[in-house]
Amino acid sequence: MSITIDDVKKLAKLSRLEFSEEETAEFVKELTATLEQVDAINKVDVSNVDLLESTVDADTQLRKDEIKPSLTAEEIVANAPDSQDGAFLVPITVAEE
Amino acid sequence: MSEYNTVIGLEVHSELNTKTKCFCGCKNEFGSNPNTHTCPVCTAMPGALPVLNRDAVERAILMGLAVGCRINNYSVFERKNYFYPDLSKAYQISQLEYPLCVGGGIEIEVDGKKKFIRLNRIHLEEDAGKLIHSNAGTLVDYNRGGVPLIEIVSEPDMSSAEEAVAYLQKLRSTLLYVGVSDCKMQEGSIRFDVNISVNKDGEPLGTRTELKNLNSFRAVLKAIKYEANRQIEELEAGRAIVQETRRWDDEKGRTYSMRSKEDSQDYRYFPDPDLIPLDVKPEYIDTIRARLPKLAPQRIEEYKSWGLTEQDAKLLTDEREYADFFEAVLKEFNEPKFVCNWITAEVFKKLNAIEDEEKKIPVNPSELASMLKLYKDGEINQAGARKIFDILWEKGGNPVQLVEELGLKQMNDTGALKEILQKIVADNPKAVKELQEGNEKTMAFFVGQAMRATQGKANPKMVADIVKELIK
Amino acid sequence: MSYLDYSLTEVLALLNQGKVTSEQLVNECFERIEETKDLNALNSTYYDEAIKRAREIDSARKQGDKLGILAGVPIVLKDNINYVGTKTTCASKFLENFVSPYTATCAQKLHDAGAVVIGKANMDEFAMGSSNENSAFGAVKNPVDPTRVPGGSSGGSACTVAAKQCFASLGTDTGGSIREPSSFCGVVGIKPTYGRVSRYGVVAFASSLDQVGAITRTVEDNALMLNVLAGRDEMDMTSADIEVPDYTANLNKGVKGLKIGVAKQFYSDELCDDVKNSLNKVLEWYKSEGAELVEIDLPSLDTALAVYYILSSAEAASNLARFDGVKYGRRAEEYSDVVDLYFKSRTQGFGKEVKRRIMLGNYVLSSGYYDAFYRKAKRVQKVIRNEFVSAFEKCDVLISPTTATPAFKLGEKSNDHVAMYLSDIFTVPVNIAGVPSLSVPCGTSSEGLPIGMQIIGKHFDEATLYQVANAYELAHKEGQ
């Protein structure tokens, strides 16, 4: 499995991270090495393994629908880089979704 | 261009009316000040964890049972990863591989033709927050973030805008019957995504486009018609349809391309490790099923057993609100046929005059029961009943008092009526003659005259009887 | 002798006997912190608050009020644990100024038991690392030899306990992040069974592997800490609704008749001689005490690291997506629009190792690769877990070295992330299997560096780990 510069660029975009050309090239090498390393999983026979995991009982183990106190809007935006009237403030966002 | 088929599938997002959000104990309430119903969980503070609301699961299952879904005993929540300011965690907790409900469907009727629309699935997920655009920028409010939603996904079984709307109306009506969602379109608590493609008979399905976040039936109707035509025109012009998401511009009455699917996001779904898969035991499903409220088909049968016609029973059960209202009136005045007649005539007439797609009956059922009782007992006549009904509709009131205040008590005094009618008969020899010759319509003239003389209080049936007697 | 030389259990007795006050202890801790500040173990301290709380507890004790079982003892939290009103930085530039609006369940439990939180410990950024060199606030030094790393990611937590700046600390362990530093610094650290301690309020690295645990100077102290920390939390769906025993109940019981499993896969060629010799002596000693050594096979053990890197990176990529510059933490100074704000804030806020894991995580989750990596790794995880479960049908505990070598030099591996990843080779399988494991000092190297063994147990059987470790510790107290 080898990684290309385009792969790294695509991943960087998915990750919302920016890299210089140099860093991108470095990532190509690093990711390729890491993928060789994680290829070890293919040594294990998993043909008889089902993936169903442990579960919680929907009837008895879920949260009751009871209101708990919220924080105040002031507490919620206390760490915000920018806020206005209790709301977080970001640059104008055009509908994407 | 009629040789084209339109193929429509719908995704309906409906907020569940739980007391708290899906994954935290914050209040599920519309319209409060920004971030007043938020906590570390729904604002994605570092370290916060989701805890699933049992009632949200139950409501999703209830809806699934109401539309004949199979309920999965093993159900998994997954993360749908994408960045957007209204999504605090940068992933939405949703379901992909193991949704709560699969299959099922609902029957619709368009132009007298019945059709079964299959459902693919119903899954539980969380709503995103709200973005408010201001001069300073975009304000982010997470009050709605984490509110439980069900996404009801149909198969592409609809072939016209009318069928799509009939499906949505039926679905909305069912949601209201089951009582799991308020379905307030204006508040965005129910929203529609439309998948649409066109093809010719015998040809494979065409490339589809998606119209997102429509929030009225009218918009769905117009958007589908527009988009089907647009696709046909594109094909006729020899151009290919681009698979993409399009936005419906209600003012301009057209759809716009939002982004092409090739550039679409890779959502990197994977099971949310913070939420253990659900074990939904058959016994639990049974207890939920036992709580399923009576739906329209059961009520129709019941109403017919009370002597209503099938047509009336259907009209009354079209929306749960009507049926509930009807039954509430009956609780205090058990005359099914009489009450039904008033509702299907007078109440529906007023409802039809409302422009809004979400129509509420503003009348208190016990007040209506009290008025109808006066009417049935002959205490008031139809004109009086309508007068009082207008008031009950506008602001409510006590019908017994209103009869007094407005002096609407029907004149049932035979002697007094006879005295008045004797004068009318004497003054109108021509009309008397016509009536004697068998022109029954002339009776209306006498009733009208009697009403005029009594300020509308005369008992019309008694008037007719007396007139007949007088002209013998 | 300073009060700081006592263990947590000992100092609790002194507090209860009125021989020392909490205020004195807090003051001594802060003096020690000042003397040893070059170790860079702590990211923040709260002297005024700690003294105030210590005085309150002292006066409550004087009045004979009923106090929690840790009343008056200074402790330190790892800097990824929320404690309302304090900074929680995860040693990241991104959260440099983040002040917790709420308290993690584990911190609340310590608080309710009367512990005095005096500060937060340095760590690898977002708990990603094995040497504590990935901190935005500088590397932590090993108190035994300051030219060496303390291990990571809970390097600060291990260092602060080893340097006697406090009596116990909390760490988090996703692939060895409590045990490796405990081993390097010569202290006792537990990675409890997954689900034993609530994760609510602990900044997630890999949600399905993370566990909170205590680092202490003795086994008994550690058992006492777990008594406070363990239990179901309704704020964490992954916390187990399983009864919490008294973890101190099995202390001083010896190991006669216990079956100790030895898996050859843990004694590979990577072991340095000092570690190998120490472990051999350990196993001999247990045998001499009446324990039975049982040979165990864990054939898939060597794939655990691969599983770990896939699963932990995938979860981390998603968990760290919330750090977007909208709600808290770093926001870049300049950006053209909201998308650019994400790119710039994250690029500026995260360090190299964090970016590396996010990139790998997004790779294994991305369309077309999910089945080959993430789903496959989940299946292999199950195989490994089953191997451990079968092993524990034949033995009560497994004993292995915690790490293949003692603490390495600062800078020695920092440019070779593959070599760095190998530091976790013995600790990672435990997280993959979800079982509990305790790292306990078991001798020193020829250079005088601590060596640790890890005792691995059945799911939710921490009590036996403490029993086995305590027997060894009691017998070897003087020798160290």
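Here are a few things to note about the model shown:
Order as written gives the chain letters A, B and C; numbering starts at 1 within each chain.
Here is the rule we go by: a residue touches a chain if its C-beta (ideal position, glycine included) is under 8 Å from a C-beta of that chain, and two chains touch if they have at least 3 such contacts.
Computed from a predicted structure; not experimentally measured.
Set against one another, B-C and A-C show the most C-beta pairs in contact at A-C.
The central chain here, found by comparing per-chain C-alpha centres with the mean of all protein C-alpha atoms, is A. Centre to centre, using the average C-alpha position, chain A and chain B are separated by 39 Å. With centres taken as mean Cα positions, chain C sits 56 Å from chain B.
Annotation: 23 Å between the Cα-based centres of chain A and chain C.
Residue positions 98, 101-102, 234, 237, 317, 321, 324, 326-328, 338-339, 342, 362, 366 of chain C each touch two or more of the other chains. The residues of chain A that reach two or more other chains are 14, 16, 56, 63, 71, 76-77, 82, 88, 90-93, listed in rising order.
Counting partner chains per residue, chain B shows two or more touched chains at residues 39-40, 43, 51-52, 83, 85, 138, 140, 266, 268, 276.
Across the complex, chain C is touched by residues 3, 7-8, 10-12, 14-19, 27, 30-31, 33-35, 37-46, 49, 51, 56, 61, 63, 71, 75-82, 88, 90-93 of chain A. Those residues of chain B whose C-beta lies close enough to touch chain C in the complex are 39-40, 43-52, 79, 81, 83, 85, 88-91, 138, 140, 266, 268-270, 273-276. Remark: chain B residues 18-20, 24-27, 33-40, 43, 51-57, 74-75, 82-86, 128, 131-134, 136-142, 212, 247, 258-259, 266, 268, 271, 276-281, 283-284, 287 touch chain A in the complex. Against chain B, in their complex, chain A makes its touches with residues 14, 16, 52-59, 62-73, 76-77, 82, 84-93, 95-97.
Every residue of chain C that touches chain B in the complex is listed here, in rising order: 80-82, 88, 90, 95, 98, 100-102, 104, 199-204, 206-208, 234-238, 314-315, 317-318, 321-324, 326-328, 338-339, 342, 362, 365-367, 370, 374.
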